[in-house]
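In the two complexes below, chain A is the common chain; its partner is chain B in one and chain C in the other.
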Partner chain A sequence: MTSIDTEGVRVTALAAGRVSRLPGWFVILWRNRKCRIGLVMLAAFVAVAVLAPVVAPYGPRVDEFAASTGPSGAHWLGTTARGEDVFSQLVYGARTSLVVGLVAGLLTTVIAVAVGLTAGYLQGVVDEVLSFFINLGLVIPVLPLMIVLAGYAPVKGLGLIIIVITVTGWAFGARIKRAQIITLRTRDYITAAKFAGDSTARIIAFEIVPNMISLIVVGFMGSALGAIGAEAGLAFLGLGDPQTTSWGTMLNQASLGGALTTGQWAWLVAPGLVLALLITSFTLINFGIDALSNPHLRED
Partner chain B sequence: MALLEVRDLSVTYSPRDSAAVRAVDRVSFDVHEGEFVGLLGESGCGKSTLGTAVLRLLDRPAAITGGSIRFDGRNVTTTPEDELRSLRWVDLSTVFQSSMNSLNPVITVRHQFADTFEAHPDAFGNKQGKGLDIGARAGELLELVALDRSVLRRYPHELSGGMKQRVALALALALEPRLVLLDEPTTGLDVVVQRDILDRLRELQARLGFAVLFISHDLGTVMELADRVMVMYAGEIVEDQPAAEMVTRHLHPYSAGLLGSYADPRDEVVKVEFIPGRPPDLSQPQQGCRFEPRCPVAVDTCRTVHPELLPAHLGEVRCLLVEQATDPRAVLDKAAALRSRDQVFAAGAEARIAAEPVLVMDGVRKVYKTRRGLSPTVTTAVDGVSFALRPGQVTALVGQSGSGKTTIARLLTGVERPTSGTIRFKDTAVDQLGRRALRKYRRHVQLVFQDPFSALNPTRTVAYALSRPLRNHLGMNAAQARTRAAELLETVGLSPAEQYLDKLPHQLSGGQRQRVVIARALAPEPELLVADEPISMLDVSIRAEIVALLDKLVRDRGIAMLYITHDLLSARLLADEVMVLNHGVMVERGPTLEVIGQAKDPYTRTLLAAIPRPGARQLT
Partner chain C sequence: MLYFVRRAGFFVATLWAAVTLNFLIPRIQPGDPAQALLARLQGNTQAVNPVQLEAVRKMLGTQDGNLLAQYWDYLGAICTGQFGVSYSYYPYTVTEMIGTALPWTLILVGVTQLVSFAVGTLLGAWAAYRRNSRVDSVITLGSTFVGTLPFFWIALLLIFVFAITLNWFPEGGGYGGGSSPGWSWLFFSDAFQHSVLPAVALLITGPIGWIIGMRNNMVQTLGEDYARLARARGLPRRRIALTYGARIAILPNVTGFAIALGGLLGGTVLVETIFNYPGLGRLLLEAVSNKDYPLMQALFLFTTIGVLIANFLADVTYGFLDPRVRRAEAV
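Coming up: the complex of A and B.
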């Protein structure tokens, strides 16, 4: 992540975009084979999540089937201890994971960008104060904090999980963005914008942010990835919202319902496997994003 | 057999997103044992690509697509990577422009040398057996490049740019190579430091007897140092002559154009020329002579017949006219006569009439206090400086790096306030401006930056960059701003403006970018322009063009300009008055010709001595 050429990215993206009709950044991502696989995988997950009612044979909470059965024609991955269809839960669970990834990833990125940019651009006292909070966010052990927040919060639900993940996850991104803006703010074109009479807000939004897009995207991907994992982890520990179907709660229930002892491997393995696949797709896409921020990786 | 034999070498860039470019096109040349060869050309002519190809360090998307490179009889083009490793650095080493950044920041200089010796156990240093004293050998090498042995214990960040570049040079010589490839080794350094390193290099080369391939766009330096000079244009070698011949009896019109950029600033009348236009786009097939569109003496056949590199005089030339003429020099004499007036920029000896000053700096002193450890350090950056800037006149501010030039610029533009003394812009006290007043003041004071590559936001179009000052300072709406932006582009010679308005900076050449930067500075109709080394990053061949543009704008619009520079030649061309700054104190000041002609201060003399004078070495 050192010395990313964030200024060059937009330029090459614009150049690449001119050749074909697609947006330039997409062309670069699509060309990378690993990234292409990741994009296809992610697209499949999104499609399944959006079309969940069509794909899933039953509702995720319908518990009218025989409990704890193995895979069969009617129930591809068997049923839970409460008599729910595992495959349907798996399909609906994709929604939770993606929503958490998207929303928590976005929130984290927004906070990180706002704090990082303000601290890095203004410097002085503002920077001292904000950096203090960034450092605080970095040194506090995340997992215990998550567990405490999730465990003792008066309300339960997906919203709470997203907030917990955001609160614990923004600091690292903010630190990186602060570092990047400190190098960008000394560029001559920033001085030129000041002499052109532009306001600070405008300089940040129009002169600096466009040169950091790749870093922001990388940050978003990282946060979304972390959020998906964190949600599954919290849910597995039983701190999730029992009313939501997610892969984490499925794992949690599978372990509570004694899936291993009853030999229902599918119930246990399936949620873990799709989770791993989703995370893999993000990682593969990140290879393409590397190419986006480093022109040398692009000629393969 | 020559040490380095390059035959019909072609290098092609084939990026995925754009058409293939043949950056080096069937180039052949030799470098003999112990010979100092200069390779000249504008940026983008393929000289660095050629150098990288010789080292076989080309990276995708570039690749050697034809020809061969033989080093000491070995074909480097086909040698496997593993065998190359024993060749590199031992027989063939290099110093790049950015070599100073190639030192590993986490290890000491001594350690860098140790690494080099360790990587090549069979090479020179270890010939006497295992007992090589690294410290002693590295110390010797540092002394060669005029550095103290104590540098061995230092880390790269503790050294200045010039010192780092010397270390890089010492490292390149560590294993006593037979050929050293130098790619703009001093560009970006202070002129005096640059001079010093190059003088040392020439001395070492004569003493140690290695061959040098010296790549540079700075023709003055190359001609002074080299035995033989090759001029490259658009991927081809267009002329190859002994250096002494090149100065006085060059034959190719392009060489003549390059040489025209030099003059002695002490002359009564100083005249420099520039070559209009840009090198051709090599992704298009080329017909005829590649220099034809910019050539002042081109004839019809030049457009259709591609000339070959043929023997002429003492070397080789690629020009149809030279080929056909019985007296090749006549061609150039004709060229000199044909060169139109806008290609020549001259400064006479006359002084201009004084006008009422627009800005007055009086007894200004700036002290910086830094606290490092327990004792605070006090640095006086500017000490008791007074001067006045007048409309329609250019005042040059000359001084070494760290002499306080930039601090003066910062004080002038209100970025910083003086510790004592006053700065007045007409009736405004610049040293007491509040935030809002400062913004208003900046309408009248604008900057022209040194580096055209960082002065424009890479993600914003030319129209956007120009529209901001127009909308903020002059209150124009979007449509008015666009119209005015187009007018401004025409003013700075980018026409037709429509072609440039929606371009991004990377689509423009360095000179074009600098024109946009100048246009942006002119946009709010300022009365005061501060230009901080506006031409030092540009190719020598287009510097005069930008100087001419600045001169015209200042005179026509009655702008007062502070021109900060190292370069006495451009100061001579542009400025009415010169001030020399040394350690924050103004040591010399007066009309340009007087200061430069009868320099009294030792620093001014050093600067004068650092100006390359092609042919000087041969004459003395």
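Coming up: the complex of A and C.
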């Protein structure tokens, strides 16, 4: 298991922050070369998503062009079987992936932290019950559960996808947070806070959570990454919202719309490639977060 | 002993939870999926067997009575194996449909999972044995890179390159037009040809988890005191790596093997759909797109139970392999 020196992180982060005006954690992340590349890549994705109407030459749903053409000057990545511009869809698809990653990642993290903290701090019967649910969440096959939940739902939409991903994805993070808090709860400063008469809620919010920040950030990154992949997979299977443009629906339409047989490689290759690049940026940033937690990996 | 009792208890509890979850999911949905399905079933031109209709009612819950009575009926139906009739494949029952699809998935997943495990564990052990060498960085960075590729996209590219452009393998399906399922050589060679691309798609990303897990475990075990003692005694490096490092480092991967099954089942839904492979995953997706609720529900229940059994077996095996686990629970 990952054991993270959470207190050490805060100390070094404060020290690093003193020399420059930027926050300490950012300085450590930026000093790591892999992480710097990842951050720049992610920033580029965010910029493209925010500025989508400016970057994309056409609207993602404008279908007035010749259908199923290869890459050309007017359509850099060709057009879809319905006559939409592939490049414009690719640009707007970044919005969907980032929104799903952010929202589902946040929701999953909140549930994981709440369940993990309660189970680990209270222990006893509460812990037994919550741990059972965590373990249950870990063994039930996730994608079949997602598909069944999405299959019963009467309306298809991005909100549904986010809910399904959150419901099925919180268990792993909760287990790690529970393990971490069990090692934290017997530390001296917690005992001191107890003797000082602090309430349990106050101890959790002000003594424990600040010491788990890096673990929570790592958990958020993992959840966001899982959510982006899950959304792409569900959309590819045709379970997503047909009105939303996402890289998953693009691949779904590419494979249904005959991109395989007409030889429109750009339509097929581009959505998967940008998805891989986005996942790569997260992986690279994770190298930096590891460095934040483990001083031996730090590049000064 | 306590360890095994606790594991068995957990298995029974999760089994009950999965069965209950399966009961609740169709009932908490807005609208009435079961009623809609029954209306469509009764609108069928062929007469529907009333026994089968009753089973569908019990599984999805449209009969009168409170939730508790429904739950009791549902448990009874499950215990007697009454999963109802498939809507989209009428007049086949749900169990018959699952029975036909099961061998395809079992063979595809079984073979690829075992190969992934063997290849991944070996590569991971090799990387740990040659730690910080070029071999290590090629293996670690290579698997990190391949791990970022969306794997249904790899599957699509495989079809594009090997089935359509080069025409080496069939595009999809389980067997060709010339053969039919049976104990004939033609069928087996045909089925093998059809399974090559789906298997490759699963094998490209399959070993990554094992590589990283095995490498990290083994780097740790090689740093333990007993490994240091073995070095001090002057034992050959290779022997230390195999009997002191790898043998112990492989233990967590045994539990991982069963947990990965759940994830792999998710992967097969994607791969089977892309390759039109006649297994459980494609059946599940078909059931979802046809709103064939009885089939959908039974498939979810069967796969979950399968994964739970695999997990239980892994826990038991782990208890036999590693005495420390048994002792830790007994204290």
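The rule is short, and it goes like this: the second predicted complex is superposed on the first by the 297 of 300 C-alpha atoms of A that agree within 3 Å, B and C clash if a C-alpha of one lies under 4 Å from a C-alpha of the other, contacts with A are read in each partner's own complex, and residues count from 1 in each chain.
Operating definition for what follows: a residue touches a chain if its C-beta (ideal position, glycine included) is under 8 Å from a C-beta of that chain, and two chains touch if they have at least 3 such contacts.
Quick caveat, the model's predicted, so the values are computed rather than measured.
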{"item": "First, second, both or neither for A:Ala150, with chain B first and chain C second", "value": "second"}
{"item": "First, second, both or neither for A:Val40, with chain B first and chain C second", "value": "neither"}
{"item": "Contacts of A:Leu256 with chain B and chain C, given as first, second, both or neither", "value": "neither"}
{"item": "Partner chain(s) touched by A:Arg31 [first = chain B, second = chain C, both, neither]", "value": "first"}
{"item": "Chain B versus chain C as contact partner of A:Phe206, first or second or both or neither", "value": "first"}
{"item": "First (chain B), second (chain C), both or neither touched by A:Asp188", "value": "first"}
{"item": "Comparing the two partners chain B and chain C, which touches a greater set of residues in chain A", "value": "C"}
{"item": "Touching partner for A:Asn135 - first (chain B), second (chain C), both, neither", "value": "second"}
{"item": "Where chain A meets both chain C and chain B, residue numbers", "value": "none"}
{"item": "For the chain C and chain A complex, residues of the former touching the latter", "value": "10, 13-14, 17-18, 21, 25-26, 29-31, 33, 144-145, 147-150, 152-154, 156-157, 159-160, 164-165, 259, 261-263, 265-267, 269-270, 273-274, 284-285, 287-289, 291, 293, 296-297, 299-300, 303-304, 307-308, 311"}
{"item": "Sites on chain A touched by chain B in the complex", "value": "7-8, 10-12, 14-16, 19, 31, 187-189, 191-198, 206-207, 210-211, 296, 298-300"}
{"item": "Parts of chain B lying in touch with chain A, wherever the complex brings them together", "value": "15-18, 59-61, 413, 439, 442-443, 445-447, 449-451, 454-460, 465, 468-469, 472-473, 504, 506, 517, 520-521, 523-524"}
{"item": "Residues of chain A touching chain C in the complex", "value": "132, 135-136, 138-145, 147-154, 229, 232-233, 236-239, 251, 254-255, 260-261, 263, 265, 268-269, 271-272, 275-276, 279-280, 283"}
